[in-house]
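Read from first to last, the chains carry the letters A, B, C, D and E; within each, the first residue is number 1.
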Amino acid sequence: QQTTRLNISMQPALYSMVPLHLATEQGWWRQMGIEPNFSSFPAGPPQIAAAAAGTWDVGITGSAPGVLGAARFNIRTIAISNDESATNVLMARRDQVEAIRANPASLRGQRVLITVNTTVDYVLQNCLRRWNIPRNDLQVVNLNQAQILSAFSTGEGRLAGLWAPNIYTAEERMNAVPLCSGSDADAIVPGNIIVREEFLNRNPDMVARYLAVILRGIAWMKANPDQTIQVMNRFYQAGGVTVTEAALRAEVARRPIFGLEEQLRLMSRANGPSQADRWYAGLGEFLQQVGTVPTAPPVTAYLTDAVLRRIADNPQLRAFALNQ
Amino acid sequence: MAKRNFLGPHGTVLGLGEFWLLTLAGFALFFGGWSLLAWSGWLPANLLPSPRAVWATLVRLWENPFAGHVYADHLLASLGRFLMGWAIAVAIGIPLGLLMGWYRLLDEIVTPLFDSIRFVAPLAWVPLAALWFGTGIGGPLLIIFVGSFAPCVISAYRGARLVEARLVEAAQTMGASGRQVIQHVLVPGAMPSIISGLRVSAGLGWQSLVGSELIVVGAGLGYLMVQGQGNLATDVVIAGMIGIGVVGFAIDVALRGVEAWFRKRWGQTA
Amino acid sequence: MWWLATSGLRLLNPLRLPAPAEVWVAFQQINGRGYAGATLIEHALHSLGLVARGFAVAIVTGVPLGLLMGWSRRAEALVNPIFLLLRPIPALAWIPLAIVWFGLGDTGKVFVIWLTAFVPSVINAFSGVRQVDTILIAAARTQGASTAQVLRHVVIPGAMPMIFTGLRLSLQASWTTLVAAELVGAFFGLGRVLNIAGQDIYPGMILVGMAAVAVCGAGTTWLLGLVERRVLNWRPAV
Amino acid sequence: MSEIVFRAVTKTFRLPRGGEFLAIDTTDLRIEEREFVAIVGPSGCGKTTLMRMAAGLEFPSTGTVEVGGKPVRGPGPERAVVFQQFALMPWKTVRENIGFGLMCKGTPKAEADAAIGRYVELMGLAGHEDSFPHQLSGGMQQRVAIARAYVMNPAALLMDEPFGALDAQTRIVMQEELVRLARRNPRTVIFITHAVDEAIYLADRVVVMGRKPGRIIETIDIKPLRAEGGWEAMPIEEVMDTPAFTHMRSRIWKLLKAREQAAADH
Amino acid sequence: MSEIVFRAVTKTFRLPRGGEFLAIDTTDLRIEEREFVAIVGPSGCGKTTLMRMAAGLEFPSTGTVEVGGKPVRGPGPERAVVFQQFALMPWKTVRENIGFGLMCKGTPKAEADAAIGRYVELMGLAGHEDSFPHQLSGGMQQRVAIARAYVMNPAALLMDEPFGALDAQTRIVMQEELVRLARRNPRTVIFITHAVDEAIYLADRVVVMGRKPGRIIETIDIKPLRAEGGWEAMPIEEVMDTPAFTHMRSRIWKLLKAREQAAADH
């Protein structure tokens, strides 16, 4: 079969990216006539910035960069890669966690290590709201995830804001435990499957085939949890991340993924704003508030289920996406 | 008779034996101190692994892929990226500097711009580089370029300005045109300065590398280090630093060879 | 030209190179409402403090080491190889170690700045000593000067012009390292502004940050030039 | 036609810190075709400035400089200059240095090579064609600089203390060589020197300059003296022993010294 | 007691790229107390090396150098050196440069100031005490360098082409000043020069050196000539006109030239 080159952006060693790797291992790209060309980014912001330079056409990213990309560079979100709310976590040291739970006010004046203006910062905001602590009462230290791990391991900071797989490193090597996650604090953090709007308009079919490949991966992962662990292991290793099998199992357990039907349901605007609309609205508000974007873009402007519907309407694609 | 040296370093010539002895002693002191610190347990191993542990890590990385590639591949990826960015900086910077040395007007336009921009870190260009050139190869190149461009221009410029006016005049009195003056007088006259500028620029360009590898991921010593840090593997971080140090050193040594060759050929000893 | 290319003719996508107006907006935002936790002045003052400390430590450590290496070939042979090996390692590469060694306080940032500012101080003090005219040393010796007197009255003043060249480069290195240094969990600082603006992909603010760094760098260099002119008052004006 | 004529020339320099400096006050000087004129005078009296105006490297503030009847508009290969510190290009071999002007002129290679070869021979540089300047002694470098000037077959030769950087012994050898050369290929020559001996020995006419402001204070004809004494046939050290010579030297020295003593104490 | 005695001295330099170079072949020379000896010779014949051994800045490879009966072990203030390029410290004022040696010796300030003042006066530097060297003319810088040597009241004075960098006019003035000074304060002096005139005019004895390898080829007594001719009372340009002088000059020049001609062609 004839294949066409597709520029795909990703980040290494993240659960939400596993379908990409899986599809490569299984040879699904070729089946859909795609010759994938991956470019890999250490974080969301450079990934989004590179879109402006036309480095990639489609990809998977976090929700904060997704919204940022929507606000600045016409990036569309066509599906949700997973729900990472439970793996965006404020972590505390085991010997301190009970005291903090009992009296969150004791955090006042303490240092919190966090990557600011990201999903985990959103989680921090909602957790603080629950504890009734104004953000200004904390010393919020901005570090990237790797730096947070280094710093937290040497005794810096009372809390560390991490996302997977860094939370497992913290759990296993630093005796840290989750204190407050996105799901605890009603800060729902989805992951975004994205495309440049211009590319979507020109190649709707290509984008549909791309999404179908990912959805097939999701379906396969749901059906084969044990093999999924092995795939993840290989994928994470290649990305330079070494975590235990327990951590991999935790990833699978804590991060819901959504097949074609579930996606359609989440995104359905049949009865007013969809569930996904509400998730993204909260995040957009947060990003506006911290100044990342001047005004949050309306969710309807970038979140679309058109591609999902296109797959659902095409029997061949649909069967492929459902791994049938 | 007691022969004393009264002139400091100018009067001393170390024998080769003594030189190497001291050099080795220097290394021994450095690694000895490091080992001692690591061994004493004053700093835990995840903060400061011992030299032996780092060596073991290096050997492991050499044979087993980490972050997708074996060590040598990371190193080559970095080196290739560096060479390209640096080559562009040299190819644009040196002619620009020479022209600035010859044409006053260009000098007056470019110099102030330069004088302020040189304080801005190459790292600060990372987001703009991603924005303008993406990550394929253009983005990293821009950052290495930003790091190494200024010394190229400045050294060529200084070199051209410092070429003895007499030589320029001598050429003119023999009927040389502007182009001939640049080609036969300014370029070779500025060459020693250009080459020492190349050394500086290669050093700075190489240092910008880690910054550039913050945008493109896949392979490279900087990437290796970032991933190592993510695993709290200080040994991997130091292994990456050693690679950067050794390659940077090797680049400098190579350029010094070129420098010595020119000096010898033109008799500009010192 | 810049305005024409971005706003006037729209040759360049303003998303990629911001128009002057956008930079102005960013400037007003950081001056009024603040950005990344403080106003521009507060950020700049904080960075100035950091640079001043890193630079000062670099002078105090680097210049004497360079003088020593310049004066004694033995010290040179002892120190030089390690120096050459450590020199190419960029500030950014030290950050992971700086965090684990010094934590998130200012010490780590000063350390990172010191690392890069140190190098030119050493090299230039070193070659400054080597460039002192032998004949001056010989002349002082024939007038009965002791080694200490030769160092104090001949070698150090003779190396001073080169030392100042080194200090200028050190100062520049201090500023260019600032962004990296303030990756170590800064609360304020121009480096932080640049880091956060990069994270927010806010080109207007990035340019404001760059301009602020450039102004601070040029300003501190000017101050250094004043000191230099005082110290080197014996030199013919150039 | 290559006489050099300074007509009511003055030269004022603008100083870097503002203000002006009168380097040469109203000066008239005519150097005939094929005349060898030496200029002596204390440091800073404007000797170099005068020569540079003839070379076209500097322009008079008022007055005109003409060579061969035409005003000087810039440097050119018909007026060759020999600079004090040789000004050889260190990155070119002896052959390339000598041939540089010919190359600029576009002389065909074979022709240029022949001319270069002739001067290499003449100046005793054979065997050193491919050496770089730093591999030559000072005297040899100076011979390259002179060959480089002569090879252009210039109408006028302008020499600014060409032997200033040589030690006394080499200098004597070079002086005699210059005399030999000048006799074989007479040219219009301006020859600047600090050494009064040298001026008297070499020149047809000696121009003595004074300073503050720079100007010509006396012009002394040597030609008759030389013809009379038969100097041409004698080695320099013998010429210097003749009473005519020593007398002339005292005369010029007294001229210079009277002014210098005053200047040194200022 | 400050006679300078070279006894069977040789000096070999180790070359940076390996190999050795014999700079001075077996040399014996005795300079009496208060004798003024000039050394002339072609470039590279080892004049400077000889002087540096007397100064204690270099040591003979074989043989011994003694000053005042004691072997030289290093530089010292009792043997003052005047270097060719003046070697003033550019960062010290005239006063500080002259006073540097006294300071090193620990002379009390009042006493030092008095001595400095005396030499400032003597050398015609009054009014320039607080100038930096670059603000002085070459002649004035040279006078500072000489004052700096004299102020130490040294037993021996070693001068390496002290007037080499001066123009001819200033040079004459300085030569006469040196004669005046030397007459008032006689010292043991080694005076190196390229200028034969200068050597004959100033010295009691002229040592002529040759090269390859460096050695003394002749020693010529001038003292009787001077006494005879009554030179002491005459200005230099008149001395130079005397037949005794010119004859002596020719003699030395012929010595030098014969060797130099051979050397220049090698």
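Odds and ends about this structure:
We take it that contacts are C-beta pairs under 8 Å (C-beta built on N, C-alpha and C of every residue); 3 or more make two chains touch, one makes a residue touch a chain.
All figures in this text were calculated on a predicted structure; none of them were measured in a lab.
Contact with chain C and chain E alike is made by B.
Note on connectivity: the fewest steps through touching chains from chain A to chain D is 2.
Of the two chain pairs shown, B-C and B-E, the one joined by more C-beta contacts is B-C.
Every chain gets a centre from its CA atoms, and the centre nearest the mean of all protein CA atoms is that of B. Here the spacing of chain A and chain C, counted between their Cα centres, is 39 Å. Taking each chain's centre as the mean of its C-alpha atoms, chain C lies 51 Å from chain D. Centre-to-centre, using mean CA coordinates, chain B is 48 Å away from chain D. Chain contacts: chain B has residues 6-7, 13, 46-47, 126-127, 131-132, 228-229 touching two or more partner chains.
Across the assembly, chain D contributes no residue that touches 2 or more other chains.
In chain A, the residues touching two or more other chains are 45, 49, 52-53, 146-147, 150, 153-154. Chains touching one another, given as pairs, are A-B, A-C, B-C, B-D, B-E, C-E, D-E. Every residue of chain E that touches chain D in the complex is listed here, in rising order: 42-43, 124, 137-140, 167-170, 172-173, 194-196, 237-238, 240-241, 246-247, 249-250, 253-254, 256-257, 259-261, 264-265.
Listed in rising order, the residues of chain A touching chain B in the complex are 11-12, 39-42, 45-46, 49-50, 52-56, 145-147, 149-150, 153-154, 166, 169, 173, 238-242. Every residue of chain E that touches chain B in the complex is listed here, in rising order: 14, 16, 56-57, 59, 71, 73-75.
Within the complex, the chain E residues that touch chain C are 52, 55-57, 74-77, 79-81, 83, 85, 87, 89-92, 100-101, 104-105, 132, 134-135, 148, 152.
Remark: chain B residues 6-14, 18-19, 22-23, 25-27, 29-30, 43, 46-48, 115-124, 126-128, 131-132, 203, 206-211, 222, 225, 228-229, 234, 237-238, 240-241, 244-249, 251-252 touch chain C in the complex.
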